[in-house]
Every structure is written in C-alpha cells, then in structure tokens.
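Going in written order, the chains are labelled A, B, C and D, and every chain counts its residues from 1.
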C-alpha cells in the first residue's frame, strides 16, 4: 500500500480523542451542544483568544461552516468577496450561491487578499440598486495555496474592511497550520481581534469532524444557533464535537499537531530546495508544491500518492504534497531518500 | 445525578463502534465517502434490503437528511405532504422551507398518513398554476408519537402514491425501533420496496452521528451526491459514518439495539397498564406516553428526568418516556419499583 | 357574451390612465422608477398618509409585493404568521416559501387576525433554536373573504405586534375597497401609522398593473430597492407604474373607484337580504357570498359568470360575486331583476 | 431639455399599442394570460418561428425572464455559463444567484461565446461532486456590447451544446435589433431551431413592458407556468402583455421598429467612421461605442445625454450611444451636424 500525501484528512483522529470518547461514552448528557464537554471546550477557546464575549459554535465541516456563516450574515442582496482560489469558489458545489449569495472573485498570485485588490471591486459595484452590494471579505489562513497572512497584512486588511463596512471572515480549515508556520507572526488572539468571525478547523488537524466557529463581533452573534439548526448542522449528540475540541484545546494539542504537520512538510521542502528544485509557491505550512520532472514524478508515484497539480511544460509539473498531524518520520524519510537518490 | 428518559441520544455510542474506530484509526483512506468502510457498509445495507441497484448515502443527522432528500427531489414549485406531527413541520427551524419548498400538513390522530388523508389535499390543490403542486409524501416510522405502520398500511399508501405520481419518503430516524416493535409485520426489505427513498437512523440507535439514506427509486439517484456536498453534508472523513454503519449492520446489531430499547419501554408500559394507567397513544416502540397524576409525576421527577408532554386536566398530565439502546435494567427496575409503590 | 362577476381585474383600466399614457408617451424619462411621474405619485401618497419619511416603491402585482416585502424583512430563520385564508397561503404557488420562509397559519372565521389568535402561536414556538421564530404578522384589508378591520381592531393588533417585536404587514390588494366600505372607520393615514409596511393595490382597483408598497417603519426602508431589482420587479419603464398611480391618487380617484365597486355589490346584497337570502359571511366590500339554491344558480349562470364558492347542502351553495370599479348599472340591474323574478 | 441617447427605454410605447389598449379596454377577459389577446399573440409568434409545438409565455422584464428561465431549468447543483459581459453577471443584483445558481463567467472580446470558450470551463469542472455542474449556456443577441451572432456561429455553438448536454438559452432583450442588423444572416425561426429557449424583448423595442419567452425544447415546457406564478411574474391582467405583443407581432412591426433603431445608430456611425473616428467595438445594431476626444464629448453633452463608457487615455474616451424605435431624424441629424462641425 502506498503512503498518501494527498491530503491531511486520510487518517482517523488523534488517540486522545478516541480515549476521551471511550471515557465519557456512558455519561448521559444534554443534546444539541448543551453537553458539558461542549461548554468546557467553548470556554477553553474563549480563554485562548482572551475574549469572553465571543461566541463559539461547533459544526461538522468546512463547507458547512462557510455556508452557515455567509448566509447568516449577508442580506439577500449582499455578496462576499473572495480570492479566486478561495475554497468557496470552486470546491463547494455552489454551496454559497445555493443560499442565494453571489461571490465576487479576485485573481491573486498567492491566494491572499489585500485592500488594493478589493478597492477596484468596490469601485465597480456602485450602480445601485442594479448590482449586488459587497458586504463581506472571505479569506483563508493558511490559504488553499499553503500561504499565510502576516500580522501586518491582516491588520491592513482588517482596518480597510472596518473603514468600508465590510465584515471580515477567516476560513481557518487550516488555522493551526497557518499560525504555527515558522514564518507566522500571527496569534489566535490577534485573529479574533482583527476579524469579525473565523473558524478553527478540526477535520484537517486531527479531529474526526469538527470546525469551531468563533464570532468576535457581537452584532453577528444574535440568533446564530437558529442558522445552524436550519442548515441541518446541529448534531443531536453535540458531545462528539465538544469532546474533540476539548481534547484538541487542552495543553495546546491543536497547535502541536499542526506544528508537526508543518515540520514534516518543511523537511521535504528543505531537501528539495537544497537540490535546486523550484516551487510553484513559497509555502511554510503543510502544503508544498515542488516542480518536478515527469520521470521523478513517475518514480515517486510507485511508492507514494499525491496530486499532480499543474503541468509546467513537457518536462516538468508541479505536484502537491500535504503532510498531516499523523504523517510519520518513516514516510517522510523514505520520500526524502528517494529524492536524494534521484536528484 | 438523575437518570434521563428524555430521549434516545443522551449517551455516546455502542462500544463496538468505538472499538472499530480505534482499530482502523491509522489506516489511510480516501476521503468523502470513498473509504472502504463506507463501501462495505453500503454493500451490507443493499444486501439487507435485497436491492443491489439501490444507492446508499451517509449523512450526519435527521434534519440534514430530510432537507437534502426533499430539496433534491422536488422542483421549485412542488411541495411535500406531511402529518402535522411530522418532524419537518415544527422541529427543524424551517429547514425545508429554507430550501424553497412548502409543507402541506394534515392533522391526524396517530401521526400516520393514509390515502384518505391525502385525497382531499390533492383535491384542494388543482388551481394550476396558482398553487403549489403536491409531489411527495413524507412519513416517519416509528412516528414522532411512537406509532408504527403495518405492512398493509404501507402497501395501501405506497400504491396510492404510485397511482398519483407522488414520491413516498420515509423518515427512519427511528426505523430500528419501528421495525422491531413487537406488533410490527414490516421488514426493511419491504420498506425499500414500498417507498422511493428512506433513511436508517443511526443517531437515535447507538451511533454517534449518522443516517443512511437509501434510494430505491433509480430515477431519484442521479447526481444525488452533488446535493449532499452542496448542503455541507459531505464529510471529508466519511470513514466516521462508514465505520459506524459497518458495525451497526454487522450481525444485525442495529436491530438488536432497537429491540432492546423497545423492550425496556414495554416493561414500564406493561406495569403501568396492569395498574390501570391510561396512555395518550398506544405505542409499541421506545416511546410511551402514560397519563399520570401530578403527585406521581413530582415524585418520579426526584429520581428521573423526562418530559411532561401534555396537561390533561388539573389532576393528570401525560409524560413522555423514551428508552434507548443503552437504557439498563437498573434504571428501568428502579422506575418500575417507584411506580409500584405509588399506584 | 355573459357579464362576469368573477373578479375585479377582468377589464382594462380607468380611462384617465390611458389618457395620461397617451399624453406623456413621447417624453424621455429616466428609467427604473426615477421618472418624474413616479416621483410625483410617491409624493402624493406620502401626502395622503401625512408621513414624509415614509418610502414608496411601485411593483407590478400582489404576489410580487408579498414575496419582496416578506423576504426582504425576515432573516432566514424567521417566519410570518397569516390567517389560513391569507392570499400568501394557498394562492401564490409557494412564493413565500420559495424565498426560504415558513408561513404559520391560523384558522379564523372571518379571515382576520386578533392578538388572541397569535398568542398561542407564539407560545408554541419557544423551543429555541429548533423552531422558526415568528417575526411578522401578515393581514389583508379587505380580506380574501371581503371582511375589513375596524380602527379599533387594527389598533389592538398593532399594539400587540409592537409589544412582541413582530412587524405588521398589511396586504392592500383591495385597500381601496376596504377603506371605503360603508362600515369602515379606518383611514389610509391610520393604516400607515399602525402598520410597519403595507401596499395599495392598483391591479384590482382600476390600474393595468401596479401595487404601491409603503414603508412607514424607517428601519425597514434601508436598501429596499435592491430587493425589488433582485426579484425581477424593477421595471425599466417605471413610468408605467408612476403614471398610473399619479392618476389614481389625483383627486382621490383611487377611493372613488373602490367606492363604486363596493356600492354595486351592496346594491345586489341589499336586494338579496330583503328577500331573506343568507350569506356565507357578512361583507361590506365588493365581494359578497350569498347562499342560493342550485336552481337559481343555474338560471343566473345563463347570463352571468361567477364562482360557485362552497356547497352548503344538496339544495344550496354559496356563490362569490365580485364587482369592480367598472361594473356598470346595467349589469347590476339585470342581475337584480333576475333575482327578483326568481325569489 | 437634452435629447437622450442613454438607452432604448426612455420613451413610452409605440402608438399602435396605446391605440389597442384603448380599443379593448372595456372588454371583460379571463385573467392570468388566458385572455384572447395573449392567445392570439402566442399564435402569431409560433407562426413566425414555424414551430407550433413551442410554448410562449409573457413576463414583464428581462431580469425577470432570466431568473425564471434559469431557475426553472437548472437543478440545485447545476450552473449556467455566461460571457463576463452578460447581463445576468453584473446588472441584475445577483438575481440568478438569489435563486440558488452559480454563474460561471468567461472573458471574451466581443461579448459572444464560442465552443472554444466553453471547452476549458467544462474541463475545469470535472471534480464530481465537489464542483457545480455546468448545464446551460446563456448568450444574448444582440449582446450587451451591441455585437451579434451570425447564423454559422450560432449553429456551431448549438451543436456543441447538444453534444455536451448543455441547454442553450438566448437572452433576446434586443432580439429585434440583433436580427435586423444589416449584417445579420440569422432569422427568428433559426434562433428557435438552434436554441432550447429564448425570449423576444419588448421593453427595449417599443413596448411598455414585456418579454416573450419561447420554449422550443419540449422537455423544458412542462409546468413552466408554475415558475412564473411563483416568482411573482404572472400578471392578473395578462391582457396588458398580450395586447402589446399582438400589436408588435402584427405585420412585423416588431422588426420594423428594431430596424429603425439600428438605422439611426448606423447613420451616426457612418458619419463618424468617414471622419476617422475609432470605435470600441464594431457594432451594427442600435448601440455604438465611438472613441471621442474629451472636448468633443463635453460639447456634445451640452445638447445630448449619453454614457461615457470607458476612459481610453488622457485625451479620449469611448461613449455609448443608443438609439431606439422612437429616435427621430431631428435628433440624429442635429447630433451629426454637431459632429461635422467639430471633426
């Protein structure tokens, strides 16, 4: 069986989570997120962002989080702005539009948005009432290209959004990986301060399912639970989400797992770099996009699974390698070994 | 701590499921329901209904299953018919209407629908195109009142639906409890044959999350997966659903658990009946609605949690008691003992 | 050709309107409701309700007005309360649900809502967040049964709504007929004061198309035009709506036309009453529902068109007769003559 | 008062229409499009396209037509492909997305789509079920840039769509202008044959309101009227639409009006061309986009209204001039005179 670098959700979950599920299994608990594990996990998250007036809600996955957040905040005629690589654009089967909202997309090099990207979009949407009204900016950290926001970049964008009455929403499906990147100077507390709403992804960082939506902006908190229920996202056994986030948040396990995933990717990246391999984008998280010759890709494919991301020319293609909280040293070492033998 | 008879989802899951989650935890699997556990579980379900051309899809919960099924089948101007007690009517925060579809509701005594209930509704919806077009009948087994369909009743309804071009959809959040009721003459195979689409509830029968949507009518199978993804219901780690249904379907554990839940409720019911207690409805599944005097309700409340369902008069109220796959003999015996001492 | 009492929209429009369309035909005007006729008509309406801070928007028809108003005001999880006879319930092909909102309906004798009807509905919708949140009350004046609200009744309902954070929306497809009823003590100014939003129907009172939505509650005015455009209701040649309402509002033509329609119905009603005919409901607007024997219905049907509304018994049925702004004395007199000869 | 070249809907309607409205005003007619004028007008349109099995429906405007057509045809997970200049993209306040559907847009030079534009979009949407499914191609003739499809181009696109199971929908808000362009070799009959559904625009070609949706593909006809009603587009006095299209279709008035509009634009275009003026795009319909120096634009603006469309450089900008069915020789001659004096 080949080892897979295709994504960060191909294994189960961190053993601590299974242990906790076993331990608490027979306890009778209130349903629909009112169980004590959920309440404790929410408390831990509020402590971590140092914002006791924030509200935390757990849902199952990223698409679900995105569609609930966006549809609950926007009025029918308002739209969301996203980088063209944004997950909501092409990877969610039109989930956002299915709730009635247009996405305005912006082509960017690195998957990140800056105020200079957004200004022309606002300028082109002033034919009232014949055009949708931009009201929210959607960003991801780390992005779908593995890149991250610096503290300065997020501050700039946040200020711009506030000045322009735009809500700032950060998709954190890979928030752990983003914040623990060796070049990140951003903290979770800062994220909570600079955005109106964001989520902490569990699915891609060691949980079975689960994203924790955190609403810092109190205006957006009102009645949010109704939206979760209406979209079919309120689990009867909310304990499943509560227990997972309780374990992930304890002792910063969440960040340790992400740091591990990043480290494994960086090991491979560094070896490739030493050997002069180019990359599609310069990433410091658990996704890397080396440009390899087709021969090497074929050889690696005999032992490993990964996506061939983009054809560069007749000789080279970029591949995408993703490591996870569970990617062991064996797999990484074997991969590196093969490279060393070949380049 | 009081023992709760409030619902059948207050505990975790059957130990076999946790055991399997542990066992398979490190295996790398394809995402989004293409893992081998999901494939095996689907096979087991198709075997059980003896219909290899059926399609099976796993989602997280009942509201999610309902909204995906209904919105994927109906055209924008079509509506669904439901008993007024139907879960979709008043317990899902308008989830069905949020997808654009009206629900026509019918008052019934026992929560079940018969062709005679539906005929007048069809008769009142012939002012084309000024009214919605009824196109689907939604039923539950067991119903929200704990009652069940006999084989003959379902045959009658199914025939009527086919003659009137109505799709028949059975909400099986408590399918196990319905089919293993001591008075049920219905089988899962028969359900698959007589309905167009139904689901097998896991959440209320020993799983952490999970409902298995089974589409017998091949016309309704096309592209169904798109709807699951679009509504945010496609789990990246579909293995979580696959492993659970694999365990539940093996050796009929699913039905054993439901039979246990029913049996515990019947034990209490029989004692109450012997003592002349009346019931709001005559049920043979894991929900019972005895009418008790307020003194007794108060006394029982000191040791047990349950819902006071409906005030009957100044002296009596009906309560709802629900037993689960995990309700032990101790709790049942203690409850019975208290009753015996009081009546 | 038989004369029709089937509805109040079977003829064209008042001649003044056609005259004005001819007169202004060649003028170049701004599009999308920015033409000077629309602006003048809006001014006249604001004068009439004595509320200069109200906002007025013209749309084509009643279903369109209803769906735009309701969907623009409610959040996704909020619903509207209506009498079971309300037009939005069964006569608009699920237009409201198609925008995502549930309608809670209340059975009433006379098509009107009172606080005592609404209180139990609010009481039954407190299982947060598992049920929709009632947020708007929809009423019609005159109602679909031809009945009207007195000033006292509307005051009572308005106060209740404000105390319970419910918006009050009056469908005025037959507002003229309601306010000019001989027993009405309500004025348009009072309607504007007691409701949050209402509309003045043109289609059923002498216009070709057109309803004037009036938003008294300033909170609900924001960005309303976006909703009109998004639902396809913003006419490029808004002049068509502006010119019509300009003519209708001038010198109170609107109310004169409605008064005429009512008067013609009352003439018939009074003759029938003198002869001891019973009525399904006691109306004082342009809709009457006399209960006639089947022989007489057959005879009348030879010369007139009307709906047989409801079978009473083997001998009698109620019919619905509607008169319009254009119903002439000839038709009314001939109808009365036939009755006199028969009863 | 300045003469306006801003659009083709700033005047009222063709006098024949007003004449007919007057003539038929007192006739009692069935409501909701069942009047005899509508039936006759539909017959005339079917004759003109020589397709008696087509179905014709009248609605009020273009955005309404677009949203009804697209939402009635597509399943929830399907999307529509449009040129980036398509009216549905940026000029309809997200009306299409509000019905739940994504629009995939393609940048093109001339506002037209060819199979070569669409092939890569299909290629990029094969990650089932994680992406929307392209199912319809939306085009306009004439386009928003004033360009038109040749018969050969439409044949090529139509064949491609049929081979790829894509519905082809032509927005004909300016169908008259497109088909009567001096360089058009396309006929209405051919349009009906090569598309699945299209509409004939009245609003921009001499009607007060009104677009005639023509469904050639019989699969798409079923139950279409329900969608019209549900979206609030079914006029009680459908006669208003019927009478207008009856007049427009009689003796080809519709095409005569469009030919006139085109001719007036071409007069101006030819003079400008003779004087060496460049154009943003080379159009042969009633929209022209000459590139003029800012001085000239200012001078013309003293007497005429028009949009400055796009800044070219510090000295020049493109303006948009639109002529209509009602643009008189006086205005055109005066405009030409001013140009001649200046260039």
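Operating definition for what follows: contacts are C-beta pairs under 8 Å (C-beta built on N, C-alpha and C of every residue); 3 or more make two chains touch, one makes a residue touch a chain.
Being a predicted model, the structure only gives us computed values, none of them experimental.
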Shared touching chains for subunit A and subunit D?
B, C
Here the gap between subunit A and subunit B, centre to centre from mean Cα coordinates and rounded to Å, is 34
Centroid distance [mean C-alpha coordinates] between subunit C and subunit A, Å:
51
Residues of subunit C touching at least two other chains:
76-77, 92-94, 98, 100, 129-130, 226, 229-230, 234
Chain contact topology under the given definition, line, ring, star, complete or other?
complete
Residue numbers of subunit C touching subunit A in their complex, please.
32, 71-72, 75-77, 100, 128-130, 133, 223, 225-230, 234
Which positions of subunit A touch subunit D when the two form their complex?
76-77, 79, 90-94, 97-102, 124, 127, 129-132
Can you tell me which positions in subunit D touch subunit C when the two form their complex?
1, 3-4, 7, 9-13, 15, 18, 21-22, 24-31, 59-68, 92-95, 98, 203-204, 208-209, 226, 229-237, 239-240, 326
